[in-house]
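Multiple structures are listed underneath, in structure tokens.
In the two assemblies presented below, subunit A is common to both, partnered first by subunit B and then by subunit C.
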Partner chain A sequence: MDPILTINILNVVYEVSTLAVVVLGLAVVFGLLGVMNLAHGEFVMIGAYCAFFIQAQNLPFLAAIPLALLVCGFLGLVVERLLVRPLYARPFDTLLATWGLSMLLREAVEAVYGRGFRSVATPLTGSVDVLGADYPSYRLLLTVVSIALVAGLVWWFVRSATGRRIRAVVNNRELAGSVGIPVTALARNTFVFGCCLAALAGVMLAPLLPVNPTLGLDFILKSFFVLVVGGLGSLVGLISGAGVIGGVESVVSAFLDRTYGYTTVLIIAILFLWLRPNGLFPRT
Partner chain B sequence: MNGGVSGPLFSFSNVTGGYGATTVVRSAGGEVSPGEACCILGRNGVGKTTLMRLLTGHLPLQSGSVRFDGQSLDGLPPDRRHALGLIYCPQERPVFDNLSVRENLTLMAPAIDEGRYAPFFAAFPILESRMTQSAGTLSGGERKILSFVRGVAEAGRLLLLDEPSEGVQQENVERMAGFLHEAKAAGRALLIVEQNLAFALDIADRVIVMDHGEVVLAGAAADMTEETLAAHMHV
Partner chain C sequence: MASFLGHSAALVAALALLPQLVGEFWAYTLALYFLYAIASLGIGLCWGQAGFLPLGQAMFFGLAAYLSGLSLIHFKDSWLLLLLLPAAALAPGLLAYGIGLLVFRGRTLSGPFFAMITLALTLLAFQIANSWNDVTGGFNGLKNIPGLPGLSDFTDLYYVSAVALGVCLIGIAWLRRAPAGVLWRAVSQNEQRVRFCGFAVQNVKAAVFGLSGVLAGIGGALYAPQQNLVTPQLCGFLLSADLVIWAAVGGRATLYGPAVGAVLIGILTADLRDEISYWEVILAAIFIVVVLYFRQGLMGFVEPPVERLWRRRAKRTLDGPARPAASGDTGFALDGVRVRMGSVRILEGLDLAIDRHGIYCLIGPNGAGKTSCFNAMTGELPVRSGQIRIFGHARTGTAADLLSRIGVGRKFQAPSLFPDLTVAENFNIGLWGGRARLRDLVRMRSHGWSSAILREAQSRFPFLAEEDRRAGDLSHGQRQILELVMVLIAEPRLLLLDEPSAGLSQTETQEVIEAIRWVGGRLNACTVIVEHDMTFVRELADRIFVLHQGRLLASGTVAEIQADERVRAVYVGASA
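Our next item is the complex of A and B:
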């Protein structure tokens, strides 16, 4: 195969799979709590800063994972209790509140680290040969880990008892409480889980991103577009949405430039909102 | 069953509540003892379902109290009430439409307990034949049967059923009545909202009649004539 084509395909897969990890956390929280957490991207950003912090301490890169999970898990717990739960069933207020939270988190990180870009060194240097094309090892590893993570979570969601209960709550919250599912605790755990997933994505992506306080904005916008295109109904919708948004952006960016990539994604999202507001796989 | 003390397992008094600032149910009271069935009757829209949702913790009480086994249920969320032994089968959306019939029956148990469900599958073979189908594909009456089986097969001491016979074929309504008689014989307490007067009178020991959000008539089923009750149920 033409090495350029191979690299482009790998880039698309990379873009789609990492985006899917970020959106999965956002979508599960939306499905269960009916809350669109606009600060989701900031949890990615904090995860990335955890990676930066760990490297600055000369600790091994992998140590950033427990740190990011701890920090964002605790933050998620506090946010759920103080911000999300009191505003339950008030979607517009929750949007405003989480948007405010995202600003607060950006400012807080800026106060500590400043606005400048920080770079995180790639823990895995060098490249590997994929069908005759040289591809950076870390990107490839990240793609594989992201696919495994999404596949594992989907499998867990479909097969485990907890996954079944989450689906039950999403479908019929009132009945779920009556059959004995502790709905409040499950919602809290799911919110914390979504934050942790964002944090994990932040750590993994840190070496490939210019780490700065506003990096979460790009993720929340793209995640939002994914949900607009895919619909909020199912995991199939989520993954196809990530495929369309991540795929189109990386293809257009590769052949034209990133501005065109971003513009195309924006146009697709607008067209979907206009012509097919429930996405490819609507919620039933 | 009741800590050696005879008396009502479940009682509520002065129950007032509704949706937001709107009061639907006013000062409702009643009780049910182990081995006894109490039926709540009344026309559509008189607050029977609202009362059930107040009793099961899905709506907050504006005033009044609800007691189970000597304990106040004030402020307890539905899942904690379930843990105490209150089993509730709602009128609307009685099953999880996106889960299979099997998943609906085993959601809170690791695997299907054949011993527990065998008599129900024998009475309602439709369920066993639809095990892997999603519950959303069942007819309205079949969903009510699934909800009924889920609830009656659970071990809780109090069953709260909101119009279990709605949309269910007559022969299956009779089978439901059979299971409810067995539940009474086993010492369970039943609180049932019903529109089907014949079905209600078959199982009821006590009757509560509601109108305009209030209890207008209450007493032993044996003391009520069918004409009196029918007069309250039709416009």
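Our next item is the complex of A and C:
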């Protein structure tokens, strides 16, 4: 195969699989709590800053993972209790409150680290030969880890008792509560879990991103568009949505430039909202 | 009217005197935040009145600023500026209207979708402004923009901004009190009911969004000559977010709130940003607290969200215009209509035709498809196959607002009205639907419309004459009757009533029966009622249609149906 084609294909797979990890966290929270967490992208951003912080302390890169999980897990816990839980009955206000939270986190990070771009060194340098093409090892590793993560989570969601409980609550919250599923605790844990997933993605992606306070904004928009295109509430939808959005953006960006990639994604999202508002795989 | 003029005069005087009080430096700073305040007023309209949140308002502000800046650079001192500057302010309005039509057409529930699209668009606008070097000057922006011809010092600039803000405030105050404002608030509460009253909700919302675009445009068009510099940040999400915070903290539903928020927080920010490094964080925290606990915002403590004084004065003195004359046949026909939701078969080839005036009851066990039959007729459920004809024309999948305008009225099973509006305003939405033209919606006198049916209804149900009550404060039975009357005053020729007696007392039921009989005769209408209460059915029905498993099982007079073996079999235990 043509090496350039191989690299482009790998890039698309990379884009789609990492995007899927971010969206998964957003989608699970939305599915279970009915809360569109507009600060989800900021958790990715904080994860990335954790990686930066760890490197600045000359600690091994992997130490960033527990730190990010701890920071974002704790933040998620506080946010769930103070913002999300009191607003269950007011979904529109939840949107606003999490939008406010996203500003708060962004400004807080900016107050500490400034607006400038930070770079995080890649923990795994060098490249691997894939079908005759040189591909950066870290990207490849990230793609594999992302796919494994999404697949593992899906498997767990379908097979485990907790996964079954979550699906029960998504289906019918009242009934699930009345048969003894601890709905409130489950909702809290799910929210925290979603935040942790975002943080994890942030750590992993940090070496490949220009780390800056507005980084989360791109992610929340892209993730949202994935849900719009794929449809809310099914995994097939999520993955196909990530495929369309991530795929189109990386292909167009590769051939033209980032602005065009961005524009194309936006146009696709608007077309979907307009013509197929429930996405490719609507929730039934 | 007098109070309105007095109010406006006081506002103008206050704005005119301000620079004498605060001095030139602050007058200059205020002038800038007045322009932001105008844009923030637009968010107040969208979010505080019509109930949808735009997160990308800066793109309109920025667009107008670029257009105005380019006009001033290329046509300095030319008379063409008299055309170009207003055009620069209006262009964003047109763009917003177009975006609104596009996005609102897709779904009736705006929720996060609309907000996210506008956010994405403002990011896109930033990208374009930042990279289109030839036109926008790229990252550095447009520099050395000449000021407005004939204006020299800071006080002049102040007066331009102040006049613009004053005019916008007066205009908005008028619209909020006018029928248009009532319609916007109705949309924010119950889009479905607004549609079934004959208004194309997507057009109403797009118009509000367009108006907010014009407001942002006015701010932006004046920004360029005032600041002499336009950069891509003006289209960015930071200004968009600020505008939302200002509107929220100031009080989104109030008239002055968004402007007060913009000026107050803007000035504080200008003053404190350098002194307190966490100022922006504090601001975001204040915003969250407002969202959680003080939704009315600062001005909500001072100013009533809606001007109730005005409303009390509107007496129903003149009859509204007559409904357009009836055309076409009577009644409707469903021909082999199939509806499915996922794998559930809801209607399985339903044939049902009524071609005469009269009162018809639709009965059948739960799940027979009675309400779904109505939903299919009013375009709420997608029809898989088959045809629906109403008044002799093909109407399969026709939108509810059009149906309402041609004379189809529908009352829902659970009362569907506008709980936060007064009884009078609820009636008015019903009266305006299908009658009011665009100009009627900006005239105060449309508040005083009445109709013979409304007067008659108010004498039948005395509680309906207490028009200043909040509709949400009525009892369940009263709300049922209010919704019924809202539907009746639109004078439909085909009335679809879904369990109109549910939750009513014995006396109320009797009154409703009489009202339906009276109105049906008076409007010469074809009335179709879904009902479980057999006393109700026996008293009213000229003919009964029995549905079972999505099909028509039987039809006939009350006696015929009671004698029908198949119907008995379906209802075993219920009527045996």
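By definition in this document, the second predicted complex is superposed on the first by the 284 of 284 C-alpha atoms of A that agree within 3 Å, B and C clash if a C-alpha of one lies under 4 Å from a C-alpha of the other, contacts with A are read in each partner's own complex, and residues count from 1 in each chain.
In this text, a contact is a pair of C-beta atoms (placed from the backbone, for glycine too) under 8 Å apart; a residue touches a chain by one contact, two chains touch by 3 or more.
Please read these numbers as outputs of a predicted model, since none were measured by experiment.
Participant: After the match on subunit A, would you call subunit B and subunit C a fit or a clash?
Facilitator: fit
Participant: Please work out whether A:2 is in contact with subunit B alone, subunit C alone, both, or neither, and reply first, second, both or neither.
Facilitator: neither
Participant: Which chain, subunit B or subunit C, ends up touching more residues of subunit A in the combined arrangement?
Facilitator: For subunit A, the partner with the higher number of touched residues is C.
Participant: Report, please, how wide the angle is at the C-alpha centre of subunit A between subunit B and subunit C, in steps of 10 degrees.
Facilitator: Angle at the centre of subunit A: 70 degrees.
Participant: Touching A:108 in the superposition: subunit B (first), subunit C (second), both, neither?
Facilitator: Touch partner of A:108: subunit C, not subunit B.
Participant: Once the structures are superposed on A, label A:134 by its partner contacts, choosing first (subunit B), second (subunit C), both or neither.
Facilitator: Touch partners of A:134: none, neither subunit B nor subunit C.
Participant: Contacts for A:174 in the overlay, against subunit B (first) and subunit C (second): which applies, first, second, both or neither?
Facilitator: It touches subunit B, and subunit C stays clear.
Participant: What's the minimum Cα gap, in whole angstrom, linking subunit B and subunit C in the superposed view?
Facilitator: Least C-alpha distance after superposition: 7 Å.
Participant: Subunit A residues touched by both subunit B and subunit C?
Facilitator: Dual-contact residues (subunit A): 284.
Participant: With touch defined as at the start, can you tell me which subunit A residues reach subunit C in the complex?
Facilitator: So the residues of subunit A in touch with subunit C come to 36, 38, 83, 86-87, 91-93, 95-97, 99-101, 103-104, 107-108, 110-111, 217, 221, 224-225, 228, 259, 262-263, 266, 269-270, 273-275, 277, 284.
Participant: Subunit B touches which residues of subunit A in the complex?
Facilitator: 161, 164-165, 167-168, 170-172, 174-184, 284
Participant: Please give the residue numbers of subunit B that touch subunit A in the complex, ascending.
Facilitator: Touching subunit A: residues 56-58, 77-79, 82-83, 87-88, 90, 93-99, 103, 107-108, 110, 136, 150 of subunit B.
Participant: Show me the residue ranges of subunit C that touch subunit A in the complex, using the header's touch definition.
Facilitator: 53, 55, 102-103, 105-107, 111-113, 115-117, 119-121, 123-124, 127-128, 131, 237, 241, 244-245, 248, 277-278, 280-281, 283-285, 287-288, 291-292, 295, 341-342
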